[in-house]
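Paired with chain B in one complex and with chain C in the other, chain A is shared by the two complexes that follow.
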Partner chain A sequence: MIEINQLSYGYKRKQEALKSMDLSVGPGNICGLLGLNGAGKSTLLKAIAGLVTPHSGEIKTLGHPPYKRDPEFLREVVIITEEFTLPDFSVGKYIELYSPFYPRFNHTAFQRYLEEFQLTNDQKLTGLSYGQKKKFLLSFGLATDSKLVLLDEPTNGLDIPSKSQFRKVVANAVHDERTLIISTHQIRDMENLIDPIIILDQGKIIFYENLESITQKLSIRRTDILPKEGVIYHETYLGGYTILTENQSGEHTHMNLEILFNAVVGQKEKIQSVFNQQVNA
Partner chain B sequence: MEFNDNQAIYLQIADLFCENILRKKWNPGDRIPSVREMAVDIEVNPNTVMRTFNYLQEKGIIYNKRGIGYFVSDNGFDKTRSLKKEDFINQELPRFFKMMELLNLNISDLESLHHSYLKSNSGI
Partner chain C sequence: MHSYFDISRFWLLMKLELFKSRRGVAMTLVIIFGLSFFLGMIVDLAIEPLTLVFDHYENYTFSLLIGGFILSSLAFHGLRNTLTRYQFLMVPVSAFERVVCMWLLTSLGWILVFTLTYTLYTLVANTIGQLLFSHVKFNAFNPFSEQAFTPMKYYFVCQSVFLVGAAYFRGYVFPKLLILLIVTAFIALIIAYSFMHDVILADDHTVEECDLENMPSVKTVWTCAKFFFWWLLAPINWVLTYLGLKDQEV
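On to the complex of A and B.
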């Protein structure tokens, strides 16, 4: 679905947000895009959607160079950015005007999402709160049945019940020919939803693995005493330790994404060597 | 569904399935909810639920009828029970024994506790 080779882009000269990046994403996934502030997550999503034009390198989204914004490409991609403006229409009017751009727009699904998020067709978009606007955009974006849905921090601004509704709606909306990429800091909102995990650091992808391979290769456990060897990363926890190690026992432990993320960002080389070494074996 | 911090999510979902089978909520021959239904219901990635289905299929607990869905195997109950028994012996019991040691409890203490438990509960 997405093929990126040696892609570079910067908002300013000399300051690249994406540095010679390589990435390949296939259909049927809910990818989690994680990274510190300024790591390049939003820029990457924008490059995939064709909102920014790369300085060098190659990018193909659904077989198209996205920055050319071909109509056949645009009707298969939806991006919901963190900041947006909505026109002064009602929900119903917006759907009437914008849904025809998407050949498989599913009106039944849209009404179901609206109901799930407690929105109605006669509400004015400009009169909605930030969280409600976001829920409206999510409903619209998922109902398009576009092959690619890019979500930048989708759960920011959502109230407590909406986060659970969000997970339900997303779990229902993905299918074999559709991929969602969700950039987020709200790791707990997404913990059991995103797979594979893509971690970006300073404009580069430093980690890209699916949960199956992560649970096969790494394990996270709690211990009273910090082992002298084999610990890749640890945090203190209630007087004991939460440790991340290579998976030696073959048991599949729960992957706490917060710990995984901190380990990948803090111990990049060690983590990479675990995954590379096993690939060659 | 409440998840714990110990086991991979797909295994925790498998536990939920096993419990449904052992409690006879799902009986041999019953069709179980689809991957998507389960994923929406427990708010997890459909791939994770698929992993649970594959795992339980490997264990012979459920089987797939192409295009129709997944069903509990004819001997699904017995297989579930032996799988859970194995898990209990390998995972729960060592923790339990460790705690007994810490609390200085012996087998005869347990026996009397178990006896009074059986009196007040009629089992599952």
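On to the complex of A and C.
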């Protein structure tokens, strides 16, 4: 679905946001794209969607060079950004004007999403709150039945019940021919939703594993005393420690994504040795 | 489905762009007709009481050009900032379809819509004008006359410059383009003067009135300039517009 080889891109010369990146993503996944501010997450999404042209390297999304923005490619890709503007239409008018561009647009599913998010066709888009606008865009994006849906910080601005609705809707929207890539800082909102997990740091992919492999190789537990050996990463909490260690018992523990993320970013070499993979410094 | 042009996709885009621009076009028409009526006709007749015959061709020319240039400079309004660019660039249409669509709407579409509404406006304006200024003869506006057709030809060519501006400038397209055109015109004048200072300093009113047969180099430059304006300027600008749209990024 997405094939990237040695991709580089920068907004300014000598300041590359993506550095010789390699990535391969198949269909039927909800990928989590995690990284610190400025790690290159949004730029990677833009490159995948064809909104920037790489300076070097190769990128193919759904078999197309995305930067050529072929209409047949564009109707299979939806990107919902963190910040956006919507035209001065009603929900119904927007659907009437934009949905015909997507030949598999599912009006029944769209109405179902609207109901789920408590929106109606006669509401003006400009009159909606930020969270409602996001829900509308998500409903539209998922109803297009596009093969690739890119979501940049989708849970920002959503209230707690809306985050649950979001998880439910997204989990049900993925199928064998569709992939969702969710770029986020809100790691906790994505627990039990994203798999595999891609972590970016300074324009490079430093971690790309599925949950099965992660829980096979790593284990998280709480202890009162910090062990002197075997701890890859630890965080303190009231009265004890949360520690990330190599999984030697073979027992799968619940993977706290926030701890995992902090460990990967802070202890690249140790994580590298566990997964025996190339970690780019 | 063809990557560059598909008629069904094209009509969907036309429908979308027409709906999006409906308010802008309506406001432009209201402003133009308001200005034409109050400033171009009423005030004009009031401050020149000796006027015995009034026709609308001068107002028509001015309104067709200015209104069309403003609308053309808004042709790719979705490119104005990063947020609007996402939505603009992700609509599943080709850059070629966008250029053809906006060219049709702002060039031929504007000429047709404006001329038709202007004709209707003159019927109303003449009736009211006759009631207010009984001594003035109000000539009917004929959209098929040479006086109406000439500005249409000039608009058809010059409008393409504003489409280029709309594809390359981010925001404030009209004023930015006007500044660029003024600077370009100034440079062109200096170059023209260096080639044609004898003609410019002569007493003739237009270049056509000059004795160009005795100035072959000036005649060649003038012929080339006219050929460039009427046959090359618009196609070059359409190609530039396409290239500008094709290479857009967020």
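Heads up, the rule we're going with is that the second predicted complex is superposed on the first by the 276 of 281 C-alpha atoms of A that agree within 3 Å, B and C clash if a C-alpha of one lies under 4 Å from a C-alpha of the other, contacts with A are read in each partner's own complex, and residues count from 1 in each chain.
As a convention for this text, a residue touches a chain if its C-beta (ideal position, glycine included) is under 8 Å from a C-beta of that chain, and two chains touch if they have at least 3 such contacts.
Predicted model, so just to flag it, every value in this text is computed and none were measured.
In the superposition on chain A, contact of A:Val52 is made with chain C only, not with chain B. In the superposition on chain A, contact of A:Phe84 is made with chain C only, not with chain B. With both structures placed on the common chain, the touch criterion links A:Leu211 to chain B but leaves chain C unconnected. In the superposed model, A:Asp70 makes contact with chain C only, not with chain B. Of the two partner chains, chain C is the only one that A:Pro100 touches; chain B does not reach it. Once the two complexes are laid over each other on the shared chain, residue contacts for A:Met255 go to chain B alone; chain C is not touched. In the superposition on chain A, contact of A:Leu193 is made with chain B only, not with chain C. In the superposition on chain A, none of the residues of chain A is touched both by chain B in one structure and by chain C in the other.
Residues of chain A touching chain B in their complex: 28-30, 164, 167-168, 171-172, 174, 192-195, 210-212, 215, 222, 252-256.
Residue ranges on chain A touching chain C, taken from their complex, read 46, 49-53, 69-72, 74-75, 77-79, 81, 83-87, 89, 93, 97-98, 100-102.
For chain C in complex with chain A, the touching residues are 1, 3, 6, 9, 12, 15-16, 19-20, 83-87, 89-95, 97, 247, 249-250.
Listed in rising order, the residues of chain B touching chain A in the complex are 3-12, 36, 39-48, 51.
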